[in-house]
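You will see two complexes here that share chain A, one where it goes with chain B and one where it goes with chain C.
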Partner chain A sequence: MALLEVEDLNVTIPTPRGTAHILSDVSFALERGECLGFAGESGCGKSITAMAVMGLLPTTAQATGRIRLDGRDLLAMDEAGLCAIRGRRVAMVFQEPMTALNPVKTIGFQVAEGPRLHLKLSKAEAGRRAVAMLRRVGLPPDRFSPDLYPYQLSGGQRQRVMIAAALACEPDILIADEPTTALDVTIQAQILDLISDVVQETGMALVMITHDLGVIAETAERMMVMYAGRIVESGPTAEVFRHMAHPYTRGLFAAIPGGPEEESRRLATIPGQVPEPIALPPGCAFAGRCARTEDDCRAAVPPAEPVGPGHRVRCLHPHVGAT
Partner chain B sequence: MTGEPILRLDGLVRDYVLPRRSLLRPAPRFRALHGVSLEVRAGESFGIVGESGCGKSTLARAVLALETPSAGTVEFMGEDLFALSASRLRGMRRHMQMVFQDPYGSLDPRHKVGRIVAEPLDMLEAGLGRRERRRRVAESLGRVRLNGSDADKYPHEFSGGQRQRIAIARALITHPRLIVADEPVSALDVSVQAQVLNLMSDLRRDQGLTYLFISHDLSVVRHVTDRVAVMYLGRIVEQGETAQVFAQPRHPYTRALLDAVPRPDPARFRHRHRVQGEAAATPSEPEGTAPAGGCPFAPRCPEATDRCRAEDPALEPRAGGRLAACHFA
Partner chain C sequence: MSVFLARRLVALFLTLLGASLAVFLILEVLPGDPATVMLGIGAQEDSLAALRAQLGLDRPAWQRYLVWIWGWFQGDLGNSYAYDEPVIKIILERLRVSLPLALMAITLSTAIGLPLGVLAAARRNSLTDVSVMGFVQVGVAIPNFWFAILMILFFSVFLKVMPAGGFAGWDAGVWPAIKSLILPAVALALPQAAILARVTRSSVLEVMREDYVRTARAKGLTFAAALWRHAVRNALIPVVTIMGLQFSFLLAGTIIIENVFYLPGLGRLIFQAIAQRDVIVVKDVVVLLAGAVVLVNFIVDMSYALLDPRLRGGGHGQ
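Up next is the complex of A and B:
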């Protein structure tokens, strides 16, 4: 049994203009110690997937399907049950290290909070663990006292504190939602290395959520590409990069500056826009922007068909051959 | 395509006075620009790259005369901007416009697009008739491939990429020569970013625009600029033809920067030699006492020697028409 199994997860949010379909038929499994990447653009549902796993969906959202952690369905669990899991079994690192930390509590207190709450450690024990965690993420106590406040640290250092806090209870799953998007590129590289290293050391599973295919390539063994609330392509990272089968994945890749189009000075673009979640078309959500669209694309949502070893794609007319 | 220098910065210094720590001591200063000199030629796209706090936005503000430098000059179209009278300066502003990073924050949500795009005309070309204004707005929107009818909509009716095009239309309406673009695509998704970058390339070709393109994103800068300057803690550390700088960086900081970019290529060797530490910009001592010498990058540089810690390297010509500020470049 996989550590985390998500099956047919659907999330809708009622709005005055109609029902917004935020996630549709999202299914995936995460093994112990595995690094899984979620890629996609704003609004594709990658963060909402993480929120659903954490039991942090907005109160108006309605979720159906199953999210099983070690066989126990998180969607059926009450708040007290979720509280025992959040931060203990599943921990999260957010994008904004500026706002995710409490500005009026010291960093030592914030890292120690989890162990005190979940592991019932005494104040002194939790404090010692906090120092050890901060040391592990590159904030040794001689230079970065646990009595510092977040405002005294740079963005990269704050993100290190976030990671220390997430690791403090030795969770089984670390979810990192755009952990380096707000950081400078040299600091981003340090933080990505740090995350990869601690994941390897502790053997926990990593869910890396990012818009940056470069970050996926460097951190994830397996990847999912999301579009308009659906997983449109999934597979081992190397395999997906070698044979991008979905036209959207190829479009996303070609739009990155510095890619194969470099010489021509024109970037490949994807025409049009993502359909609104309250007005998703009956067929493939990408059909309106896709150069390979045929009539059957508009009729029904394509099933996730295998195209290679462990590689599935929701497309009726996928690309074949190397990227 | 590129010609005479249109913009010339010479020894630009900008100090900010920070709050006093103690009543008895003079207020500390932070030097955001440390004597920056560069030339941008008409019709070229010149990139400034660097990380937060390197001074690139201060540089942009000084170029647009929004910020008065503590020392040094900015010469635009042959005029020293800070020697001009207020009215002459206003006349010059028609020729330089800016595109900002955040297409959500830079458009007033309560104004219709037509009014937003026409706004520079109110200040810089007052006295235009209503019909002429409408014509200019429609012309500007057309250039960024929006419809004239979009002038009657509000910003919230547009996506992020369309909003950034509205911001570009606003910048184009005075027919400027120079556009300073400060992180113009950082807030956009990659597919939308590509649309805006292509549009900016087309506009440059068709209108003969000059860009000062400021970004932290190396791949974007590589794609849209002809020449590039890499900044670190208020100084230019390397400058040259974009393709050459990216292919063969001479300054260790440029190398570190390029090396840190995650590439969408899982086959690539994963752990590289990372540059450690962070850019520490400590407020300098009050004026009169010389700041500690040495290369500003030395504390993080894997190749730093005693000489680097003692002697600040000058930005000097190196092989291949390159400028680099490193003793070992």
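Up next is the complex of A and C:
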């Protein structure tokens, strides 16, 4: 049994203009110690998937399907049960280190908060643990007192504090939602290295959410590409990079500066817009922007078909051969 | 810190100077002769002149201003024309009513407004929220003197459990004195509590959207714990600002309520002093209140620094 199994997850939000389909038929599994990457542009459902796993969807959202952690369905669990899992079994690092930390609490308090809550540590014990965690993420106490406030740190240092807080209860799963997007380029590599290091050291599983395929290539063994609330391509990272089958994945790849030259000239931007979640077409959501669209694309949502070892794609006319 | 304090002291001094000039000039322009008021309309011209000389009213305005200000530096606020007593003594007497009344009202309004605002924000769009917002609308809309009269009718005339007015005096014992301030304090607190609840609600709602509240939830804190530990303190700055303004208002803006309840407070003192052209009392009280407002603002600013470490300054890390 996988550590985390998500099956047919559908998330909808009722709006005055109609039902918004935020996630459709999202299924994936995460093994212990595995690093799984989610790629896609903003609004594709990557972050909502993470929030669904955390049990922190907006109150108006309705979720169906199953999210099993060690076989227990989180969607059927009560709030107290979820509170015991959040931060303890599944921890999260967010995109904006400048705003994700409380400005009026010391960094020591914010790292110690989880252990005090979940591990029932005393204030002093939790404080010592916070110092140890801060030291682990590269903020030694001689230079970075736990009594500092977030405003006294740089963005990269704050993201280190976030990571320390997430690791403090030794969770089984770390969800990193765009952890480097808001940081300077030079700092991004340091933070990614730190995340990779601690993941390897502790043996926890990592879910890396990013719009940057480069980050996926560096951190994830397996990857999912999402578009308009659906997983459109999934497989081992190396395999997907070698044989990108979905036209959207190729477009995403070509949008990276320094991608394959011929494609980057032609597909540096993907024409058109993502369909709105209240008005998804009956067929493939990417059909309106795709150069390979034929009539059958618009008829029904393509099933996830295998195209290689562990490699599936939701496309009726996938690219074949090397990328 | 000392620079901050020094700047504050200069500001206090300038504010008092400005307030004293303003009130002096306004009373200078205002028609009405204290001597005529004191001796009556039929008074002889020579006795009027004698009284004016005794009060120093025959001297030019700039001299009278300087004499008045000089008195302040010596702790002498002058003598009231109407009561023939030192103004400082009258003010202190009135403060024994006004200060407890203001403190009771602000305590009451905070005790009602703050929890209601947090509750309404926590249960946004629920029946609780709608009820609180309804209370806010009514609390702001009802004139407090009318509410005060209703309370007198109910508690004093019908139930006969509260005095209908007047101040028992602290010599009569603490409880009778407090008792005569309860209904006025409630009448003063109601609209303030309503405003405070509204400000608190919107401030908490804003803070609850912040990323760090989501972070707290992701750590496993319950909604209530995340709200209490991470949202409320961050939401308090605008609330404290409003509380400071309310306290300044309560010190002297209670003229109507003091009249309804026949309380010998500062508000009534000003009202009577203006009616009797007791200009020295008006001038002194106005300057004193200006000083009180500056002091309250100072306390509010200090409490910002308590609430938010970013406003404390201090060194940066590596």
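Quick notes on this structure:
Assume the second predicted complex is superposed on the first by the 316 of 323 C-alpha atoms of A that agree within 3 Å, B and C clash if a C-alpha of one lies under 4 Å from a C-alpha of the other, contacts with A are read in each partner's own complex, and residues count from 1 in each chain.
Throughout what follows, contacts are C-beta pairs under 8 Å (C-beta built on N, C-alpha and C of every residue); 3 or more make two chains touch, one makes a residue touch a chain.
The model shown is predicted, which means the values in this text are computed figures rather than measured ones.
In the superposition on chain A, contact of A:Asp25 is made with neither chain B nor chain C. In the superposed pair of complexes, A:Val185 makes contact with chain B only, with no contact to chain C. In the superposition on chain A, A:Lys105 contacts chain C only, with no contact to chain B.
Within the superposed three-chain model, A:Glu96 lies in touch with chain C and out of touch with chain B [touch as defined at top]. In the superposed pair of complexes, A:Glu5 makes contact with neither chain B nor chain C.
Look at A:Glu113: by the touch rule set out above, it reaches chain C but stays clear of chain B. When both complexes are overlaid on chain A, the residue A:Gly87 reaches chain C alone and has no touch with chain B. Once the two complexes are overlaid on the shared chain, A:Phe144 sits against chain C while remaining clear of chain B. On chain A, the patch touched by chain B and the patch touched by chain C overlap at residues 157. Per the touch definition, chain C reaches chain A in the complex via residues 210-212, 214-223, 230, 233-234, 307-310, 314-318.
Of all the residues in chain B, the ones that touch chain A in their complex are 51-52, 159-160, 189-195, 197-198, 201, 216-220, 222-224, 256-257, 259-268, 270-272, 274-276, 278. If you check the complex, the residues on chain A that touch chain B are 41-42, 154-157, 184-190, 192-193, 196, 211-218, 237-238, 241, 251-253, 255-259, 262, 265-270, 273. Those residues of chain A lying in contact with chain C across their complex are 54, 56, 79-80, 83-88, 91-92, 94, 96, 99-105, 113-114, 117-118, 143-145, 148-149, 151-153, 157, 162, 165.
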